[in-house]
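First the structure, then my questions, so here it is.
By written order: A, B, C and D. Residues from 1 in each chain.
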Amino acid sequence: MTKNVLNYSYYPGCSLHASAKEYDESTQELFKILRIGLQEVPDWLCCGATPAHNVDELLSLSLCAKNLELSEQVEGDLAVACAACFSRLKTAQHKLEENPEKRKQVEYALDAPLTMDKPVKHLLEILAKDYGLEQLSSAMRKSLSGLKVACYYGCLLTRPADVPQLDCAEAPTIMERVIESMGAETVKWSHRLECCGANFTLSRPGVVLQLSNEILASAQRAGADCIMVACPLCHANLDIRQKDIEAASGTRYNLPVLYMTQLLALGAGVSAKKLGFDSMMVSPLPLLQEKGLV
Amino acid sequence: MLQNKNSKMTLSAETMNLDFVKKVEKLSGSSVRRCFQCGKCSAGCPMRTFMEHPPNRIVRLLQLGQYERVLAGRSIWYCASCETCSTRCPNKVDLAAIMDALRKCSWDAKGASKESLVQLANRLFLDNIRTYGRQYEMRLAAAFNLHSGKLLKDFMLGPKLLTKGKLKMFHQKNKNLQEIEKIFSRIEELRKKGEAP
Amino acid sequence: MSRIGVFVCHCGENISRTVDVERVAEAARKISGVAYACDYKYMCSDPGQNLLKNAVSEQKLDGIVVAACSPRMHEKTFRKAAQSAGLNPYLCEMANIREHCSWVHEDKEEATAKATEIVTMLVERVKMNKKLQPITVPVTKRALVIGGGIAGIQAALDIADCGHHVVLVEREPSIGGHMAQLSETFPTLDCSQCIMTPKMVDVANHPNITLHTYSEVENVDGYIGNFQITIKKKARSVDMDKCTGCGICMAKCPQKKIPNAFDKNLGMRPAIYVPFPQAVPNTPVIDRENCTWFKTGKCGVCAKVCGPGAVDYSQEDQLIVEDVGAIVVATGFELYSIAEKPKGSMIKGYGEFGHGKIPDVIDGMTFERLASASGPTGGKILRPSDGKEPQSVVFLQCIGSRAREKGISYCSKICCMYTAKHTMLYHHKVHDGQAYVFFMDARTPGKGYDEFWRRSIEDENAVYIRGAVSRLYEKGDKIVVMGSDISLGIQVEIEADMVVLATAVQPRTGAELLAQKLGISYDKYNFYSEAHAKLRPVECATAGVYLAGACQGPKDIPDTVSQASAAAAKVMTLFAKDELEREPIVAKVDDKRCVACFYCKKVCPYGAVEEKEIRDRQGNLVKVVAYVNPGVCGGCGTCQATCPSKSVELDGYTDEQIMAQIEAL
Amino acid sequence: MHAEKLKHDFEPKIVAFVCTWCTYAGADLAGTSRMQYPPNVRVLKFPCTGRIDPVFILRAFQKGADGILVSGCHPGDCHYMAGNFHARRRFATFRKLLEFIGVDLERLQFSWVSAAEGGKWVEVVTELTERVRSMGPMAEFKELELEECWSGKLDTAELQEAYAAI
């Protein structure tokens, strides 16, 4: 077995073990072919997501701090796939460093001194910065050229400006740069950073139908073949709810919504069968076949 | 007594609950007074159409210490935490954090708000973490439908997701459930002692 | 027969590319009266100018036309060249064949034809040109400053420091104006008196300043450089030379219950008084309307107690005349009153705020006096009705201002800032008190201003509510304020202990009368008009009169002081020369033809037209005619076009010159 | 490069009476900006539109002008404060008079062109030139002028004949 070029500890988050399993699978496949090691943090727990910080900040911070503590068992910076988990973990680091009072409370809750030094990195950051775009480009086995991709950031990859620090909060390009390095074409579109309706998908699905509809419409206007995401919740709203959105708005979109890692892995030569394309509600296979990618 | 959201506001040292404002400022770590009502938050808020009070009005009501009006409305529960407002605020008012703080106040006050569905979803979500350590969407959705009385909500979606392997009928519990329970209980303990909000 | 020279410029290729300059010169030679014509690459260059100069002397030319660029570009250059060749500069004209011809046309034939016609017109014109001499006017290097507030004080000190004599006239018994009444000043919260009184003392002690307090400008004659000012010194009833300012007269005066206007009538003063302790000069005046001696002929206590015998009941108003060369008008402003106004007045009061009859509804200046350490309450905020400390104060902005209905559509500019200051002063003095401000917009364009306003909210607890107030009414000892928060769209009601109105800044009552004496224009509100809103903001259109401070429009202290120093600089520029020289483009009246209809006087924007008496040798009045004062005339020529008897001529643009041009069409 | 130039049967003569501060400067700006307009216009410079005597307009028509433009500063921008207002009032009356005596007012245009409006100068001049071109030559006043000339000369054949007949 060849040696890995980089090694990370890995926090997949709840969704990647359920509704977003294809994100997890494609991430594993992509990193394997790029020779980037990923070792899952043992017994990681839910970061608390939006519900926790919505009503109980202390709980939210404590859950994240616990995960950071758990991650210390594995070598390497902490790689996070889910944009929401990434945002929560970064926010927790940010707030606990800033606010000694909150830090004290969390230390009490965990009954342990905080270990906060491990850098938390989103997959995008690892690919674009640590691994490098040139390297990524040279890993290309099958160019995605001809595929017009609308890169969808959503809320939490970039906002608020001083927390994730992944890219410019208002005009990021990191997703575009990453996928372009695999030969894809990206479209300019208006709703890259708009909210999809997030976790209202459970309690108030009407909200999602409206907000995600605008996003799909914008991508369609821009002439995109598909939407690329890096967040399971965005994916759920745009993919799983797409049929409902089409019904509610009376517009036919049929826009496949793909995880960033699915597309990258495809370009890097991973077999389409391993990338979970068949588990998606809006099947991307007709499109990928048309473009000669599968 | 508050008649409706537009009923007249009488301002005086007694009717302006500035302690509440201070509490929100402390919880959120953001100034409320700094807001000068430019409205940029409401301009970019994706959830504005679903709110009875747009974000800027929430801050304005806070500035005047009108906490009852804020908590009684369901607007705070319609915030998606997308952070657009906080990112673009010219005055560095962290409205997303203020919304978190307000929701916590409403949560603690139990039933202050008209919005129950979002609160229900949140509670089930947190219960899930305490019991299993991780989220299991199947369970969450089922429990939500059960509790909200919307038994058939997304009825058609479930089987589809199951066949796609997206919902797991069975799952494992975390091995460190005791540690997780400890976090929850120690936080409760802190609160009982009055050492945490 | 005239001998005109025509000089056609190529301007490199700028002209010659589209205009055949040689053909233009050739055509010019054929015009009758043209003695010489040539073309040259760069007429404005040294060799070009020499060509022109040599031609003038060699060809004995009596007029020249330079066909080149716009006169706005090089008229001065060529007129100077003509002058150095011994030709009167006003016999040189420019034909604009670049901006108006070669640059705007492409067809060479057409452009050449047009250029030739332009040259022909100018040749015909220059034949009619007359020799003109620059006008000189002697300058009296003394300045009059009207108004002893901060604007007048600053202007007077600047001019006096430059070595010129200044006559400062102040209507009140003391200089200081409104600034002396203020407690603290935004945006730094300096104590107003602390920064103001040293300047007042400087005025009093300055060897170059003659101070006339309790005096008014009675009449203004003359024009720039040569004004004669008649000043009325009102009878002070105290001999300023003898008075030592000991104050015993004031202490002993039995009549002590006269409301002191300086304290907005909150405090009392005796009949013999100085308006405030730091007054300059520190010489009392007797308020004759309230003095027992003047009312009944009995009392005389002040005269009896005065050691130096300075009290003089027999003093009378005195008229004195001062000769000055320039005038700075710095008469300041007054505050709008919400009281009911007489019918026919453009300004209306506020019935919905009680027409000024609710005792605890006060204006901003009254609040200043309450907050002032030297004020009637010693700096304690106490409400006028019962002397209690108000626990809640509501401030209302834009009272009168920005209210077309009330006759004032402008923004008073200073109220946003002073209201923010008031909330801070109130918070400093009444820690538990709550200040509320109803405002429409916060207008804070000044250095450190917005930060100051934000401080009043973020650090000093003021609650700002966007929206105007509908009505005030009394309820027990409270004042109910009925407002609305327009960002919420919710009505707001506050029961206040005191209400402070930020009333509009208005010109002084009677400002128009002084303007008429000075011959300066004023707007519909009676604010004095500057010559140009952007580029001549301190000069009046009337030469030699300058504006400083709020008499021109609402202004805060920094703006007022800047404008005062600017006005002083303008005066000093005028005084830098012994004589005033200006372009001789002025109107002249032919006495013989003038029928004294004075239409010219009506249309002249400069007030340059006077009535001149013509007398025979015995001194009998023969007739009255119009006379245009060349020192004042601006040279627009409106009088000439208006004159029904054709007796006015504007030098440089005479009918002959223009008709000659038209004839050449 | 240049658009084909149309040759016209009639080239009107346009005279512009302008003030030196605004419109003259505006025309200068059109020049420095290298804008193009018909070469039919001749500019007469005045200190202010207030100086323009209606007689000048009459005389210009007599001397062959087919169209006349009077242009000064925008209201409120007069260098001499109010000259353009006086001009406006004067010409409002004068137009009525011209109309009364039968002059087509389309030949006489008043406008405000500021020192910054090079483009507007070009527009105004071009429009007026084209309009007057379509109206044809201004004959009335020229005939009057000819008549005056005729009556002024004492040695024409007609007169000689008339004298002889007496």
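Going forward, a contact is a pair of C-beta atoms (placed from the backbone, for glycine too) under 8 Å apart; a residue touches a chain by one contact, two chains touch by 3 or more.
What you see is a predicted model, and the numbers here were worked out from it, not measured in a lab.
Chain C has the Cα centre that lies closest to the mean of all protein Cα atoms in view.
With B-C and A-B as the two chain pairs, more C-beta contacts join A-B. Distance between subunit A and subunit D, defined via averaged C-alpha coordinates, is recorded as 74 Å.
Between subunit B and subunit C the centroid-to-centroid distance comes to 61 Å (mean Cα coordinates, whole Å).
Spacing of subunit A relative to subunit B, judged by their CA centroids, is 23 angstrom.
A linear topology is adopted by the chain contact network, the touching chains following one after another without closure. Every pair of chains meeting the touch criterion is listed here: A-B, B-C, C-D. Against subunit B, the residues of subunit C that register as touching in their complex are 391-392, 432, 434, 436, 442, 454, 457-458, 463, 465-466, 485, 487-495.
Considering their complex, residues 70-72, 96, 98-101, 103-107, 110-111, 113-114, 117-118, 121, 521, 531, 541, 585, 603, 605-606, 634-638, 640-642, 650, 652-653, 655, 658-659, 661-663, 665 of subunit C touch subunit D.
Listed in rising order, the residues of subunit B touching subunit C in the complex are 6-13, 16, 31, 33-34, 36-37, 39, 56-57, 60-61, 63-64. Residue ranges on subunit B touching subunit A, taken from their complex, read 27, 29, 46-47, 49-50, 78, 80-84, 86-88, 94, 96, 100-101, 103-104, 107, 117-122, 125-126, 128-129, 133-138, 140-141, 144, 148, 153-154, 157, 160-161, 164-168, 174-176, 179-180, 182-184, 186-187, 190, 195-197. In the complex of the two chains, the subunit D residues touching subunit C come out as 2, 5, 13, 15, 20, 24-25, 27-28, 30-32, 34-37, 39, 42-48, 50-53, 56, 59-60, 63-65, 79-83, 86-87, 90, 122.
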